[in-house]
Each structure stands twice: as structure tokens, then as C-alpha cells.
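Here is the structure we will look at, set down as C-alpha cells.
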Amino acid sequence: MKASKLNGVLALAAVLAAWEIVARAGLVNPLLFPAMSRILGSFAALLMSGEIPAQVARSMERAAAGYFLAAAVCIPLGVAMGLSGRVYRALEVVVETLRPIPPPVVIPVAMLFLGIGDGMKVFVIFFSCAWPILLNTIDGVRNIDRLLVDTARTFGLARGKTTLKVVLPAAAPQIVTGLRISLSITLILVVISEMIGSSDGIGYFILNAQRRLKIDQMYAGMITLALLGYFLNQAFLFVSKRLLHGR
Amino acid sequence: MPLLEVDALCKSYDGSAGAATLAIENISFAVESGEFVALVGPSGCGKTTLLMCIAGLAAPSGGRVAVKSKPVDRPPPDLVLVFQEYNRSLFAWRTVLGNVLFGLEAKGRSGTPAEERARRLIGLVGLEGFERHYPWQLSGGMQQRVAIARALAYEPEVLLMDEPFGSVDAMTRLELEDALLGIWKELGTTILLVTHDIEEAIYLSDRVHVLARRPSRVVETVAVPLPRPRNQVSTRAEPGFMELRNRIYRRIADAG
Amino acid sequence: MRAERRFNTAGVGLFAALLLLWEVYSRAAGIQDYLPPPSAALKALVQPDVARALSGHLAGTLGRFVGGYFLAAALAVAAGVVLGYSRFAYSVSEVITELLRPMPSVAIIPVAILCLGIGDAMMIAVTVYAAAWPILLNTIDGVRNLDRTLIDTGRTFGLGRLKILWQVALPAAAPYIATGLRVSLPIALILVTTSEMVAGSAGLGYFILDEERSLRPANMYAGIVVVALQGYALNRLFLLVEARALAWKRGMRTRGEA
């Protein structure tokens, strides 16, 4: 185990060192590939100056709003569609029509209605996060053992209580799966929407750095995004483990 | 000269505490061409490890395995192993015919003659009409028949079988035993079969090596003088059969 | 899941009602400049010049999608089989993979623009990068979860390492690879359209954004209809091919669970 970890770290070090050497030796266009040390220096400087934290904060506000909105709408909706065939059939055509739309093309539509403000980004994130949460919730609810629901019934639980106390917990693992998929989609869409219509946020920052040819800053922004993605995922795993009692 | 020789074979594993655990201790025996030999022993006595070493799938820690006097250091070309877990060893993405053809392809055969041979083997194991079925569409016993046909397609001189009927129900087991004896008579392939079922070992083989566990070693070799062809009812009812069974049972119990 | 396909009256009814509501509201409120009625979008769709432009953009988008998706599949399956099979290769790549993976793939677009300009090569490159991840990780998973008995079976029949990879590991991992391919399909579509929007001068993504900016919302909606149809058709096609290719899996799962 330890030896294999060491291999990986060595490989990473080798790649970084090779990057540094190649860049310094002028073997590649320094405009495209600034030395690794410069990128990391720039990353540290942007971190200290508060530039990166501010941009990340803007992006995270939008991401959180869209993500939680999607969860708040789609989990109840998914439960309803999973439990009731009638509700499912009524909404099926609308869902199946909207779902194949690649989320980025919703950006222009949202821009028409909402301009290029936060509302547009929140809507786009909401739209793209909705599907994994919705479909996984429907699936999770449908795959619940009938026996569980019947058991609750024999205990005299009413329909609403059964849903809350039996259906939701039983479907929780799959709902969490949907939430996890949506989390990574959130990050993608926040970046895309900031690239296409924004004047701040980490996505805007990266594209803008590239356009102003501040390439070290562009890479610093990408490092930020990788770290962000990593920590969001870890945080999600931490929370979901608590939620699912270690399942 | 024996077809298969196992000479002073040892196998040890590195234990968690750094101490080596001896799994197989000094096993020696030989199998002559055309023989049907069984290894019988309690579960967990390292029978599978022993077969893996003979098949060249695991390296012994000491001693030597030779097929036709050639030492085994990789899976030898004249020998093939049939696993107990047919559901894990069959190729789920190939049909019955495809699985059997695999054995021929491995020998470099293809085309119409190969397919004809594969169909003959499928008939031999009693699966005619199931050529186009996928493994999951067959019962456990039928799947193991496919695995046997696939192994035979490789035209091995030695067929190693690791508890081949350990995962099927009792009735199917008896059927498969007779099917195997029929194939053995028809093709004359040398068979070395490992089982924990004493009666199965006696019923099938010419000779039984009795293994004890921890470490695995041969505690006795018993010749089976029962006449062939054997019969599930009359052979098992013979006094000699029961005598052998009791003798081997006591030997294992004493060693255990 | 759906045993029989009856005509879904309620579903179609609700969908039609929503469209009708939109149509009426748009006409009544006089806001056709940014919310044209659906009929206007449909009219735009069949207008010769719009239809011609759309089919050209569709062809471009499809071409980039196909190029990126298939290239990603080829590279990721090959790499995944090697990384799944060889512990050494996996351990060498693990840390780098873990660092790159959480980065949202669209962040690669600016780098790709720098290195490759704003042409097809750039768009295909970012598509390959993004679509490769799910395929790679699923292939690694599939090969790693390979049953030891299957490999030993290959070995006892005298197969060498390469042949075992090709004849045993690859088909055994096929269901996992298919999962990766299925996840990658919409991702590839997202990346193609995004790169067209961010830096393209052609393609459906570009068309939709451009029509929005030129205040021709009816055309924009026409473009969205085409993009949705494209996504739907590609998904159906995928499921069709998958069902064919993995016909041997059919029924296996239900049997295994029983």
C-alpha cells in the first residue's frame, strides 16, 4: 500500500519537475506553459491577496443556491413520481422532452429572461442538477421493498407518515447517489455559465486570465477549481456518511 | 514413465505475523497415462492450492511438478484445469458453442473443423441443442458440462478438476459423475480430480490419495479395485465400496 | 420498468397544455421579443434559411461529437485496461489522476484555446478530455473487479498476458465500459456545445447563443429543439447498440439476484 502511494507521489513529482525544467529551458512557448514555480507562486499570491477566495465565494453562492433549490424541488417531486404511477405518467413527457437538452444551451434562454445576473446562473445550475436527483429519487422510491411499506401500513402509519418515515429513508442511498452526481455537474455548470455570461466568479476568472494572457493566473485558477472539486466531494462524502449511518 | 509427477511439493504463505504458514508439506505422487486419480481430503486442506501448483497457476515453494518429464513453471500446454466455480470460469459473453470454441482457439484451431469438433464435444457432454444458449440460461450442472467440454476441446493429456461437482445439487452430481466417466472412457484422457466427497472419489477413480490438513500431506494411497463400468446403484452397494469408504473416512478423521 | 407502452394521454396532455399556455400567454402579453410563442419557433424551424443554417450547424456539432467521443472511448478503454490490470501502472498514475479528476472538465477550455486555437481541434480535444474520465474510471473498475478465476481460466488454456487482456479482461469488463460510455455521452455533448459557445464560430451551441445575442429568440428556440432532438436520438441510439452488444447480459442480473 505504502509503496504504491510512493510511486504515485514520485510520478507526480517527476511530472512537475519535468514541467519546470522544460519551461525553464525554453523548450515550449513560455506563454503557454509558464514554469510550475511561477504558477504556484501566482496561486499563492492570489490566495493571499484575497482575489481567489473572493471569486470562489461568488461561485459558491450561485452553486449552493442552484444545487439546494434542485434538491428541494426534485426530491419531493421524485418521491411523488416514484410512488404514484399517475403522477409519473402525467409528468413523463415533459421530463423526457427537457432532459436531453444539454444544459449549456439553457444559458442563452436564461440570459433572455434573467439577464446575466445570479438568477441566470442559479437557474442553469438548477436545470442541470435537477435530472440526476429526480431520476435517482424516482428509481430509489420505486425499488423499495413493498414489504417495507406494507409493514409500515400494518403499524397503522398514515400515507404521509409512511412516506416520511419509511419511503424516504429506504430510498436515501439512491437519492444520495443522485445528489453526488449533481454536485459535480453543479461545479461544471457554474464554471460554464460564468465563462459565457458573467463578470466575476472562478469560471470568469480563468477565461479572463486566458484572454488577458495572464497564463500563470489561468493555471492558478484551474488549481483552485481542482482543489474546490476535491474538497466539495470530501465534504459530501462526510455528510452523506452521517446521513446514511455509515452505509 | 508417469505422465504427471508431483515430487516433494511444498507451498508456504507469508503469514501476517511474518511467520510462514505451511500449506502443503512434501506431497509426492504420480499419475500414469489414462488413469483416473482422485485426491480426497477435508475442506480447507489445501487441495485447491495443490491443483493450482500442478496447473502452473501458482509457484510451489519447494519440490517439483513435471508433465511428461518437463518441469512445470507455467501453465503447461498438455494440461487444463476445470474450476469448481463454473459460473465464474465460463465466459458469460460467449455462447455454449463460443465457450467450447475458446478451448480450440487456444490451441490455434479455427474454422469449420474446429466448429465441428466443438459441436461433437457439446454432444458428448449431453448439451446438444444448447449451442446458442448463454451460460446464464443454463442450470448449474449444464454450465459445468460446458466447462468440461471447453476443457476437452483443448485436447489436454491431463484434465485437472477442482471439486468440479461441488456447487451442484446431489442428483445433478450423480448425473455428472456418470457423464464424466463416459467421457473418460470415450476419450481416454488422464484425469486428476480433487474432491471432499469420499464416495465420489471412490466411485470415479482407480486410485485415491487421502490428504490430511494443515499442512496438506498424503496420509494414505488407496487403490480402488472395483470393476468398471461402474453404476451408481450396484457399485455403491458393493461391500468393497463401503469398506474403502470407511477406511478412508477413519484415516481422515484420525489425521484431522 | 415499463412493461407495456400504452399511449400516455395524461403526459402528452400536460405537455400540450403547457405549450398552449405558453402560446397564449406570449401572444396576449405582447412579449414576443424575448418569449416568442412555440408556433414561432416551429415556424423558424421550417424556414428555408434557418433550416439550412441549422442543418449545417447540426452536422458540425455531430461531427465534433463523434470525433471526440470515439477518440475518448478508444484512448480511455486502452488506458483503463492497462491501469486496471497492472498494479504498477495504476500506482504510478493514481496521484495524478486523483488531482486532475475533481477539476470540472470545462476548465480545460481556456488551455485548449491557447494551445489549439478556436477550431475543431480545440473542441474535439476538450470533448476527449471530459468524456474520457467516466470511461477510464469505469474500465479500471471493471478490469480490477475481474474475477481471478477468469484470468486463471485464460492461463490454464495457455493464453499469454496480451491475449488474456484482449479475450478475457476486455469482454468481462464490457458492462462497466458500457456504463462509462453511457455516462460520457451527455458529457461529450455538453462539452461540444460549451466549447462552441465559448470559442466557436459554428455549431449548434454557437448558433443558439448567437441568435440570442442577435435578439432572434424564435431561431434560438428552434436551435434548442434541434439540440434536444439530437441528444434524444443519440441516447436512443446508444441504448440500442448497448442492448445489442451486451445481449449476453440480458436476464443475467435478475437471475443472479434470485
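Chains here go by letter, A, B and C, matching the order in which they are written, and residues are numbered from 1 within each.
Here is the rule we use: a contact is a pair of C-beta atoms (placed from the backbone, for glycine too) under 8 Å apart; a residue touches a chain by one contact, two chains touch by 3 or more.
Computed from a predicted structure; not experimentally measured.
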| Per-chain C-alpha centres versus the global one: which chain is nearest? | C
| field | Pair of chains ranked first by number of touching C-beta pairs | value | A-C
| said: So, comparing C-alpha centroids, which chain is the farthest one from chain C? | reply: B
| said: For chain A versus chain C, what separation do you get between their C-alpha means, in angstrom? | reply: 17
| message | From the mean C-alpha coordinate of chain A to that of chain B, what's the distance rounded to whole Å? | response | 53
| remark: Cα centre of chain B to Cα centre of chain C, whole Å, reads 48
| task | Quick one: which residues in chain C touch 2 or more of the other chains? | result | none
| Residue numbers in chain A touching 2 or more other chains? | none
| query | Where on chain A does chain C make contact in their complex? | reply | 3-5, 7-12, 15, 31-32, 86, 89-94, 96-98, 100-109, 111-113, 142, 184, 187-188, 191-192, 195-196, 203, 206-207, 209-210, 215, 218-219, 221-222, 225-230, 232-233
| Residues of chain C defined as touching chain B within the complex | 147, 149-150, 152-153, 155-159, 167-168, 171-172, 174, 248-249, 251-252, 255-256
| field | chain A partner contacts - residues on chain C that touch it in the complex | value | 1, 8, 10-15, 18, 34-35, 87-88, 90-96, 98-111, 113-115, 186, 189-190, 193-194, 197-198, 204-205, 208-209, 211-213, 217, 220-221, 223-224, 227-232, 235
| note | chain B contacts chain C in the complex at 52, 55-57, 75, 77, 79-81, 83, 85, 88-89, 91-95, 102-103, 106-107, 134, 136-137, 154
